[in-house]
Every structure is written in structure tokens, then in C-alpha cells.
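One chain, chain A, links the two complexes that follow: it is found with chain B in the first and with chain C in the second.
Take a look at the complex of A and B:
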């Protein structure tokens, strides 16, 4: 038995190594995109040259983080439609919840959850996760991160508390289905307002900075000593709100479906 | 140029091995832990490929949300596969 396991693991290790070596060989021959076609190189050069070009602000995004600039400025439509897809998925999940959006969790949860060690550890880790997620979301226009990364990181904290303690602990902390839906709606309204405000100034939708052919002066990049990064910070904060609350809605809905309780009591 | 390729080779091998072990494992909790190891290996692949934005989302989903949901599911059913 022992011999068989070691032989099969040897086979799988050598197979995996051979496959990776083949992959790396093709990567070394330029399969990773070392020599992309000339038309794509132009887009990359445009973004690198213009994202934070303080000398020529014609096409700049006001943020040194090129990825966030692409996500929320140059290719803003893609992100808006991604948010729409997630919105539709969460709405479909909510339709299945017994008791609708007023669904409540009944019970006390006295003898639920795991041991005391796991409970304490999940409380501490969830605090750290919340701080990290807020950091990712709020600094997403300077360093890697952003609304989606921050929101999905934030969602780990209530999920840990559900798994380690119980869903009643979350309810006592103030997490409610109706409250999460309200906050998500607030985030969506914020996204719509920020992306359509330039239209009032005869600008483009999801416009960040001033562009030729548009009257919109652009969102403020500097506010005194503060560095704001145009509309990217608002977009990241509202996307953070939307994504984190949508994950929490899914988790609470999962629990309500599991228990089969709810009702509008 | 050679060091990123070596790291690519190492992390993709580690991810492949741990996903194979996760499939073979009969103890479902250990299988979840092994697939989390695979997530770490793939997240480090993104780091090698200079995509830190995707790395952050991948860490949150692959190491946080996905194992916890699976552990919650295992808690509702059985721990050992027959």
C-alpha cells in the first residue's frame, strides 16, 4: 500500500513537472505575449504614457495606478456591465429566499458554533480582514486593489463569523438582509450618480478627467494636501459597498434557504 | 528572464500536484485545505506574471470565500467520502 502510494505520487510529480516544463518552454519562446502585434503595443504605450502624465494632461486619468485607471476610466463600460451582471445574479438569488427581503433569522443560536479557540480566532481574524479590505478599497487608486478586491475580501469576515460562530452572532452585530440590500442600493445609486454627473456638463458618461470635445472640467484630483485621484476613489468606494453587501446578501440568503425559516415576522 | 520562468514552472507544478492530491483525498476537509494550497500556488503565479490586482481578488476568493463555503457544506453533510 505504502509503495503504491509513493509510486503513484512519483508518476504524478513527474507528469506535472513535464507539463510545466513544456509550458515554460513555450513561454520562453514568446508564448506569453513577449511579442504582441503592433496594434496592441500602441494601446499599452498610450496607457503607460498618459495615465499619470502631469506634463500633458490631455488624456490623463489622474491616477498612477494604471489598472484602476483602465477599469474605471478608459474601459469603464466593462466594469459597469460586470456590476450589472452581479446585480442580476443577486436579484435572482433573492427571489428564492423564503419571506422575501424582509426575511428574518429566528432562534437564539446558544449552542451553535465550534470550540472557544475557533470562535476567538475567527473574531480576531475577521477584524484583521475588515481592516485589510478597507485598505484595499480606499487605496485602490494608488496601489493595487480596488472596489472588487476590497469587497470580496470584506465578505470573508462575516463568512468566517457564520462558519466559526453562528449566523445569530452576525445578527447581533447588526447584519440584516434588509440593511444589506439598502446599503447595496446606496452603492449602486452612487455609481450611477458618479458616472452620469459629467452628462450634466455636456461630457461623456463615466468621464473622469477633462477631455478634448467635452465641457466637463473633471473630478478634482487634488484637494489641498489630499490626493483624491479623480472619480476613481468614489467608484472604488461605491463598488466596494456594492460587492461586499452583495456577498453578504448571498450568505444570509444561503442560510435562510438552509434553515427554511424566515417569514415576515 | 530565466528566474520568472523557473518560478512559473515551480508554482504550476505545485498547483497541479496539490489539485491531484485534493481529488485523491478521501477526507474532505483535507481536500479543501489542499485545494486552498493550489489556490496559493496559482495566486503566486499571478504575482510572477506581474498581475497584483488579479492576485488580490484571487487570494480573497480562492483562499477565503471558496474554502469557507465548502467547509460550511461539509459541516452540513459528511466529512469522509466512501
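Take a look at the complex of A and C:
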């Protein structure tokens, strides 16, 4: 029995090693398009040329951050459907929760959690994480970051509080499953409104700046001395709301599942 | 020559990491270890995607314009030395989707543990065959 397992794992190890060596061979022979090279592919070069082209604004996105302008402007439909995938994953997870989404968390949590040092440290670090996540989300249109990155780093804070203290502390702070679901719905509605507002002006859906063949003038890029970056800042804020609240829903629901105490409304 | 050796080394590292992750998914009997191996595979593939977008020039720049009031010189320096932003944009969403899928798999693992008292899938198979729930 013992020997058979080791022989089969030897076969699997050698197969995995052979597969990776073959892949390295084909990658080095140019199987991935001869990369890395001194030039980048045409569509990437088009986006780099146009994302903040203040000299010819025909196809510009109004954002110096090429990655955010791809996410919310050039390939906005991809992002909308990825938000849908996230929505479906969270819905599937919620369906498994005993007692449904109205499950109430009972208990005080006085004796739970780790030592006082860990509790204090996790409180301080979670404050820092929240500030950092808001910074990532609100400045995502001029620097690395954005709604996805900000939302997933915001979710670290409640996770840290659950691990260090207890879920009851989180509930006392005001994180509730129904409230998180409401805020997520608000974020989704905001995404829909921002992306379909150009349709009123006979524009395209998820349109950011003025384009040939559409009468939509584009979202404001500059507001006096302030730099706004078109629709990207609104999209980032709403996506931040959606992603962070979906992760909080997952964590609280996972706790409910772990305890098996759904309870009633 | 040296740069090509380095490129080959990066490919080797990434694909061997992916191979180890595939071994973990196939050979490990504990479902939690399978999920961990899956996340390692996810990260290895994402890093390959970012590496494809790299630009092999002496000083490549991140795909962010350094100022919001660029002149011609800054603009032409940016378009001639920025790395490809497209793989990075695809990867940032792939990471979030990967986390969501991992959360769902963790949910399923918790449910299995609740029901069978173990996360070893051969043990679970034996329990199901034996009719003991």
C-alpha cells in the first residue's frame, strides 16, 4: 500500500516535471509570441498611445493610468462580466448558509479571541488597512490600484478582526449581513447608472469620453483645479463598494456556516 | 545573451511552480491542500501573463503617465518605454475572481467537514461506500 502510493506519486512528479520542461522549451522558442521583446503587441501599443494623449483626444480615456483605463473604458464589458462572475460566486456561497441571509449571530464574544496583545495589534493594523484600501480605491485612476484592488484589501480588515477578536466584535462595529448586501446592491446600481447614463445622450454603453459617432460629451476630466479622470473614479468607487461588501458577506456567511447556527429572523 | 539566460530562468521558475501546483492538485488527498495548490497554480499563471507583457529594453516604465500635464517629450518617452498594460488589466480581475472561487471552494470544504468529519477525499469516498454518513 505504502509503496504503491510512492510509485504513483513518482509518476505524477515526473509527468509534471516533463510537462513544465516542455512548456519552458516552447516558451523559449517563441511559443508565446516571441516575448519578451523590445516592442509590445499592437493593441497594447494603441492603448499606451491613446490613454492620455492630450495632443489628439479622439480615442483618449482621460486617465494617465493605462490599466484602469483598460478596465473601465477600453475593455469595460470584460469588467462588467467579471463583476457578474463575482456576484454569482457570492450568491452560490450564500445559498449554502443555513438559515438564509437573515441568520442572526447570537452571543457576546467576551471570552473569545486571542491574547490582549494580538487583539490590540489587529485593531491597529485593521485601521491602517482600511486607510490604505480607501487610498487605493479613490486614487486608482492616477496611480496603481482601483476598485478591485481596494475592495480586496479592504476585506483584509474584517478578516483580521474575525481572526484576532471574534465575529461578535465585527457585528458590534456595525457589519451585518443584511447591511452588507444592501451596500453591495447600492454599488451595483451605481455601476449600472454610470455605465448607462451616456445612452440618454445617444452615446455608447460604458462610454467614458467623447467618441466619434456619439453625441455624448464625456464625463468631466477636469473640474476647475481638480483632476477627476472621467467616469473612472465613479466606477472605481462603486466597484470598491461591490467587491469589499461581497468579501464581507463571504466572511460573515462562512462564520455562520462554521457555527451551523443559522437561527431565524 | 545574459538577458536570454535570465528570461529562460524566469520561464523555468514559473512553469516548474505551475508543475508543482498541478502535482499538488492531483496527488494530495486532503481537499484543503488541493485548494492551496490551486491558488499557487493561479498565481503562477498570472505571473506568466504579466511576464509576457514585459518590454525587454534597458529602462522599462510602468504603464502610468508620470504627470497629468505632459509635454511632447514626456509623452514620447512614455509611449516608447511603457510595458504592456493589457496583461496587467486582465490579471487584476483574474486575481479577484480567483479569490471568489477559492472562497466558494473553502465553503464546500467546510460543508464536507461538517458532514463527514474529515477533509481527506479518499476517507470521504470510503465513508460514502460504506453507507456511514
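Definition applied: the second predicted complex is superposed on the first by the 224 of 265 C-alpha atoms of A that agree within 3 Å, B and C clash if a C-alpha of one lies under 4 Å from a C-alpha of the other, contacts with A are read in each partner's own complex, and residues count from 1 in each chain.
Assume contacts are C-beta pairs under 8 Å (C-beta built on N, C-alpha and C of every residue); 3 or more make two chains touch, one makes a residue touch a chain.
Keep in mind the model is a prediction, meaning the values are calculated, not measured.
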| item | value |
| --- | --- |
| Partner chain in contact with A:115 - chain B first, chain C second, else both or neither | neither |
| Contacts of A:78 with chain B and chain C, given as first, second, both or neither | second |
| Partner chain in contact with A:136 - chain B first, chain C second, else both or neither | first |
| Which superposed partner A:146 touches (first chain B, second chain C, both, neither) | both |
| First, second, both or neither for A:156, with chain B first and chain C second | first |
| Partner chain in contact with A:227 - chain B first, chain C second, else both or neither | second |
| First, second, both or neither for A:49, with chain B first and chain C second | second |
| Per-residue contact with chain A, leading partner among chain C and chain B | C |
| Chain A positions touched by chain B in one structure and by chain C in the second | 12-13, 16-17, 19-21, 23-24, 27-28, 32, 67, 144, 146, 148-149, 152, 247, 258 |
| Chain A - residues contacting chain B, complex | 12-13, 16-17, 19-21, 23-24, 27-28, 32, 67-68, 129, 136, 144-146, 148-149, 152-153, 155-156, 159-160, 162-163, 247, 258 |
| Touching residues on chain A, where the partner in the complex is chain C | 8-9, 12-13, 16-17, 19-21, 23-24, 27-28, 32-33, 35-41, 43-45, 47-49, 51-55, 64-67, 70-71, 75, 78-79, 82, 85-86, 89-90, 92-93, 96, 142-144, 146, 148-149, 151-152, 227, 243, 246-247, 250, 253-254, 257-258, 260 |
| Of chain C, residues touching chain A in the complex | 7-8, 11-12, 15-16, 18-20, 22-23, 26-27, 51-57, 62-70, 72, 75, 78-79, 82-86, 88-90, 92-93, 95-97, 99-101, 103-104, 106-108, 110-111, 114 |
| Residue ranges of chain B in contact with chain A within the complex | 1, 5-6, 8-10, 12-13, 16-17, 20, 49, 52-53, 55-57, 59-61, 64-65, 68-69, 71-72, 75-76 |
